[in-house]
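Below are two complexes that have subunit A in common, paired first with subunit B and then with subunit C.
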Partner chain A sequence: MADPTAPLLDVRNLTKIYPRRKGLFGKGEAFVALDGISFTVGRGEVLGIVGESGSGKSTAGRIAMDILTRSFGQVLFDGVDPLTMDRVQRRGFRRRAQMIFQDPYASLNPRMTVEQLLRTPLALHGLTGTPAEDRRKLVAALDLVGLPATLLNRYPHEFSGGQRQRINIARALMLDPALVVADEAVSALDVSVQAQVVNLFMDLREQLGIAIVFIAHDLPVVGIISDRIAVMYRGRIVELGETVAMFTRPRHPYTAMLLNAAPAPDSSAASLLAVQPVAEDAGMAGGCAFRPRCTFAMPACAVEKPPVRTLQGGHMTACLRDDLVIDGPLAGQSCC
Partner chain B sequence: MKIRTASTGMVMVVVLAFACVVLPLLLPFDPLEIDLHHRFLPPLSGSHVLGTDEIGRDTLVRLLVGARTSLLIGLSAMALSTLTGCLTGGLTGFYGGWTRRVLMRIVDSVLCFPTIFLLLTLASFGQPGALTIVGIVSLVAWMEVSRVVDGQVRALRGREFVVAVEAMGASAAHMLLRELLPNITGAIIVVSTLNVARAILMEAYVSYLGNGIQPPQPSLGAMLNDAQEYLRPDPWLAILPGLVIAVAVIGLNFIGDGLRVAVDPRQGRRA
Partner chain C sequence: MSGPILSVRKLAVTFAQGGGPDIPAVEGASFDVGAGETVAIVGESSSGKSVTAMALLGLLPAGAGTVVSGQALFRRDGENAVDLLALPDRAMRAIRGRDISMVFQDPMTSLNPVLTIGEQIAEVLMTHDGLTRRQAQAMAIEMLARVGLRDPGQIVAHYPGQLSGGMRQRVMIAIALACRPRLLIADEPTTALDVTVQAQILALLRGLQAEMGMAIIFITHNIGVVAQVADRIVVMYSGQVVENAPVRDALDSPLMPYSRVLFRTVPTYDAVLARRQRLPTIPGHVPDPRHRPQGCTFHPRCAHFRPGVCDGFRPSLESARSGHEVRCVRWEEIARG
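== the complex of A and B ==
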């Protein structure tokens, strides 16, 4: 076991490049899905990762879980990179890090009953005991996610989306994980069901002390559950900081835009930021990728990729403008 | 509608199979028993319900025993080709990359040969007999299964329920056998059923051309060949084995088509 104060998950300079081939033999330009992102997740901490589709947030989650190969960078789980783990460490990693997927309909094998689905992780890790013990574990896991034990013999198609996501969560809990990566786990659900599942995640974190990487495109939803939030745009983390700081005073214009994309009645920044149409790949040629959509862009933004600046309290932003004062929805409220 | 086709096929095949197994035990004739006093008896002559052939053997019993052999060869060839196809297709679909490129090009190149010539070339190398036929028919029939399994596995490999167990530490074997296979059995059953029909036809080709089941053992293909010489005076000697082959093949194809619709409704509507 590594140093208990060290982060549980430490991602450094992670890069994913998809080579694009032109024609049969030609080489096309590469597509950079992840452009050197770094973040950490502490034990029992909830890190939210927000961004629009194609921003690389799911890619980051999948690489962290080692179900997708990376181009460069390091992923340290408890101080060890899955790439360099031996058999035993790897088994431990597969047990202690679990993933929950976006589509609750696609992530459960349609040919298995709930009981078979929940037994699978136990069987994979040789944790099966007597039938009675196993059954107790299954029932306990179902109970944690608020499902009755009577559902054990049902098939996934008999459930609603929210119930299926609960089954997915119960399955992840069977192995008593330290980290759960929830990749858009609530995005496919109805708003009312979303709230229930988000609450469930919060309960789990409180009751079981599980660290969660909560990936979503909806900043307000992420804000409810996360201790810290990373905002991603075109493969980079453009801002990373405490949730409250982010909602009070966003440092990056993109974060501000996302905050204002949510219904926040008394948002003074709304007038500053108009959503502008963007041409595909505009801004990727160099400089800040967000530049074409940014109302604060200056000539320098087209020249260099904004380096990450670390501000007070470990807040990080990748914006050249250090003179921006943008109010978030929590600005002016005396909270916390 | 398709349900009715499938049931019709089912009835045809079940009746034929039942007759093949049970009737030869009840009939008072041996398929190899020569009776030179009663040659070329037409159907419905006395105790020989379907007549006798050029050396007085009972046609009905020979037909049934021949059909039994055909069905057995068809089923065995199907089993062997399905196994080979699932193994190759499963691996290529699962691993992709070079494994897939190499194995699928092999499939393509085997498919390039006209089936009948390939079949006969292979047959000329082996010792004629039931086992050899099973072997060579499987050799020319596994590619289709392989392609279907490859496609299905590839389609499902990236689905979240597979990736989900992968993230839990599932081995390739677990993913293939426990997660993927149960979800593609439908498609496999369809191609396999159609393969039984094809195997029966192929066995008939090979035996017709003399490389299959050897005389005096009865075989539908060989009976057709024998009947050629007497086509004018005694056409039933050719018509009857042809009819049995047709019933078996059509029945199996009906089942396969019906199942195809059951497994993939979209494809059925288009067809």
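== the complex of A and C ==
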């Protein structure tokens, strides 16, 4: 068993490169989807990952779950890399690390009842017990996600989007996971349903001690649920730190822009104007990738990729400018 | 401002279902849109907000068991009002795209993949404004520049598949605004976009609206977006308008119990500060349109439900204070606390 004080998930220098060819036989430059990212998730911790589409946030989640291959880097789950695991360890990893996807409609087999859907993971992992034991587990999992046991014989089409997402979560819980990676798991839901499912994730962490990687693009939602947040831009983590600290004083101009752009009912209309257009020049070599959209860019930003600086409290930022003081939406409201 | 440019009265839409009971998607929606005003229609799934938009645009399939009733009086400058719901297809087609235009959520399915961007904008201008092909092409380039696209002269020659989601949505807006409509109906126009792109598109719509003086019906489930763009909010729940008020009034002091709790379920930055506190939720779920509850359709989920008061008859939309309408028989008691 691994060191209980060590992080549950430790991702180091993860890189994903897609070779890209021009034409059928031509050569082309490679597309770097992940550019050496590192982060950890502690036991029972919630780490949020935010970023625009194409930032690499889903890629990071999928590689951490070992359902997508990596080009370089290490993924350590309880100190062991899935790539070096033997069959038994691998089976344990597949059981203890579960993933929940965005689309609750596409991720449930329409021809299986809720009972069959929830029993399948038990059967796949050879964990089937007596019928009475299994039934207790099923009912317990449904109860955790707030669904009554009377629904066991129903089919997915009989449920709303929010209920289906609860079934997905219940199915992940059947295997008693230590880590759940939720990729845009509440994005497709109506506001009031989204609030219910966000609360459910908070319950899972508190009642079962499950660690969660919560990947989403909605900053207020990520902020509510996450202890720490990693902000990704073009395949890199540009800022990583505790939620309240980040929302009070973002250290990277990109984080500040995202916070400005995410409309919360309590944010003002004026904040819309501060957002810079998306640069289309993706192939820009060298320097900070955010530079063309950054109001604080200086000549040095074009020269080298900004190294990661570690600040007080383990807060990390990949911005050359150490002189910036940017107010986030929580500035003046929190202690720190 | 001289009267609303659109007055919707008792709009009802029913879809017939083979065999089963009819589905009353919209049950008597009434609201006004002033000239140059942005009205946000807010609601969750099956609230009827998108069906309302489709009905106003005359885009619901005629026949096939769809019944649209009520009135939607649309006033163009200095002309008599026309009832959009009673217009023959031909007359509606002349209005749609010229006086009233629309932007939908998914620009990829709304654009024709085998026509260039330039051809698609030019088509609108040639159809409605009678421009020649050459004039229309020049105008298309101007419109693309207006919506903030760089190198419009090159983009006209591109196909939709060659553009990013944000660029495609800008193209949709360029097409929608090409004929300087009096009213733009935008159904979740930024829902599929990144927050930064969303912010740009919203700022763009605001700017163009100020410049061209058009009214906007903005359909969304995103209360944060509403706070930034709308002058007025119309809240819909299970096919009915349940609250209609100026945006700050509605968000700061909503009267209908549904809006009161709906607005609070939205994650705010303040909620981020309250670490580990649960978000407020609404118990139960939106009723199946075929089996809506008796009385107020929200009563089974309402914290202020009174037996015999709320479950007898459907409350009507009443005027609570100036410009603020609410559908709840108990709103006064509830407001007093």
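Convention: the second predicted complex is superposed on the first by the 318 of 336 C-alpha atoms of A that agree within 3 Å, B and C clash if a C-alpha of one lies under 4 Å from a C-alpha of the other, contacts with A are read in each partner's own complex, and residues count from 1 in each chain.
Simple rule for what comes next: a contact is a pair of C-beta atoms (placed from the backbone, for glycine too) under 8 Å apart; a residue touches a chain by one contact, two chains touch by 3 or more.
Since the model is a prediction, treat every value here as computed from it, not as a measurement.
Participant: After lining up the shared chain so the two structures overlap, which partner does A:Val193 touch, if you call subunit B first and subunit C second: first, second, both or neither?
Facilitator: A:Val193: touches subunit C, not subunit B.
Participant: With both complexes overlaid on chain A, does A:Thr120 touch subunit B (first), subunit C (second), both or neither?
Facilitator: Only subunit B; A:Thr120 stays clear of subunit C.
Participant: With both complexes superposed on chain A, which partner does A:Leu108 reach: first (subunit B), second (subunit C), both or neither?
Facilitator: Touch partner of A:Leu108: subunit B, not subunit C.
Participant: Which chain, subunit B or subunit C, is in touch with more residues of subunit A?
Facilitator: In the superposed model, C touches more residues of subunit A.
Participant: Is A:Leu175 contacted by the first partner subunit B, the second partner subunit C, both or neither?
Facilitator: After superposing on A, A:Leu175 lies in contact with subunit B but is clear of subunit C.
Participant: Taking the superposition as given, does A:Arg94 touch the first partner, subunit B, the second, subunit C, both, or neither?
Facilitator: A:Arg94 sits against subunit B, while subunit C stays out of touch.
Participant: Give one of first, second, both or neither to describe whether A:His217 is in contact with subunit B, with subunit C, with both, or with none.
Facilitator: The second partner, subunit C, only.
Participant: Please report the subunit A residues shared by its interface with subunit B and its interface with subunit C.
Facilitator: In subunit A, nothing is touched by subunit B and also by subunit C.
Participant: Write out the stretch or stretches of subunit B touching subunit A in their complex.
Facilitator: It is residues 159-161, 163-170, 174, 178-179, 182-183 of subunit B that touch subunit A.
Participant: Tell me, which parts of subunit C touch subunit A in their complex?
Facilitator: Touching subunit A from subunit C are residues 44-45, 148, 150, 164-166, 194-200, 202-203, 206, 221-229, 251, 261-263, 265-273, 275-276, 278-282, 285-286.
Participant: Write out the stretch or stretches of subunit A touching subunit C in their complex.
Facilitator: Those residues of subunit A that touch subunit C are 52-53, 160-163, 190-196, 198-199, 202, 206, 217-221, 223-224, 243-244, 247, 257-258, 260-269, 271-273, 275-278, 280, 329-330, 333-334.
Participant: What residues of subunit A sit close enough to touch subunit B in their complex?
Facilitator: Within the complex, subunit A contacts subunit B at residues 65, 67, 90-91, 94-95, 97-99, 101-103, 106-112, 120-121, 124-125, 168, 171, 175.
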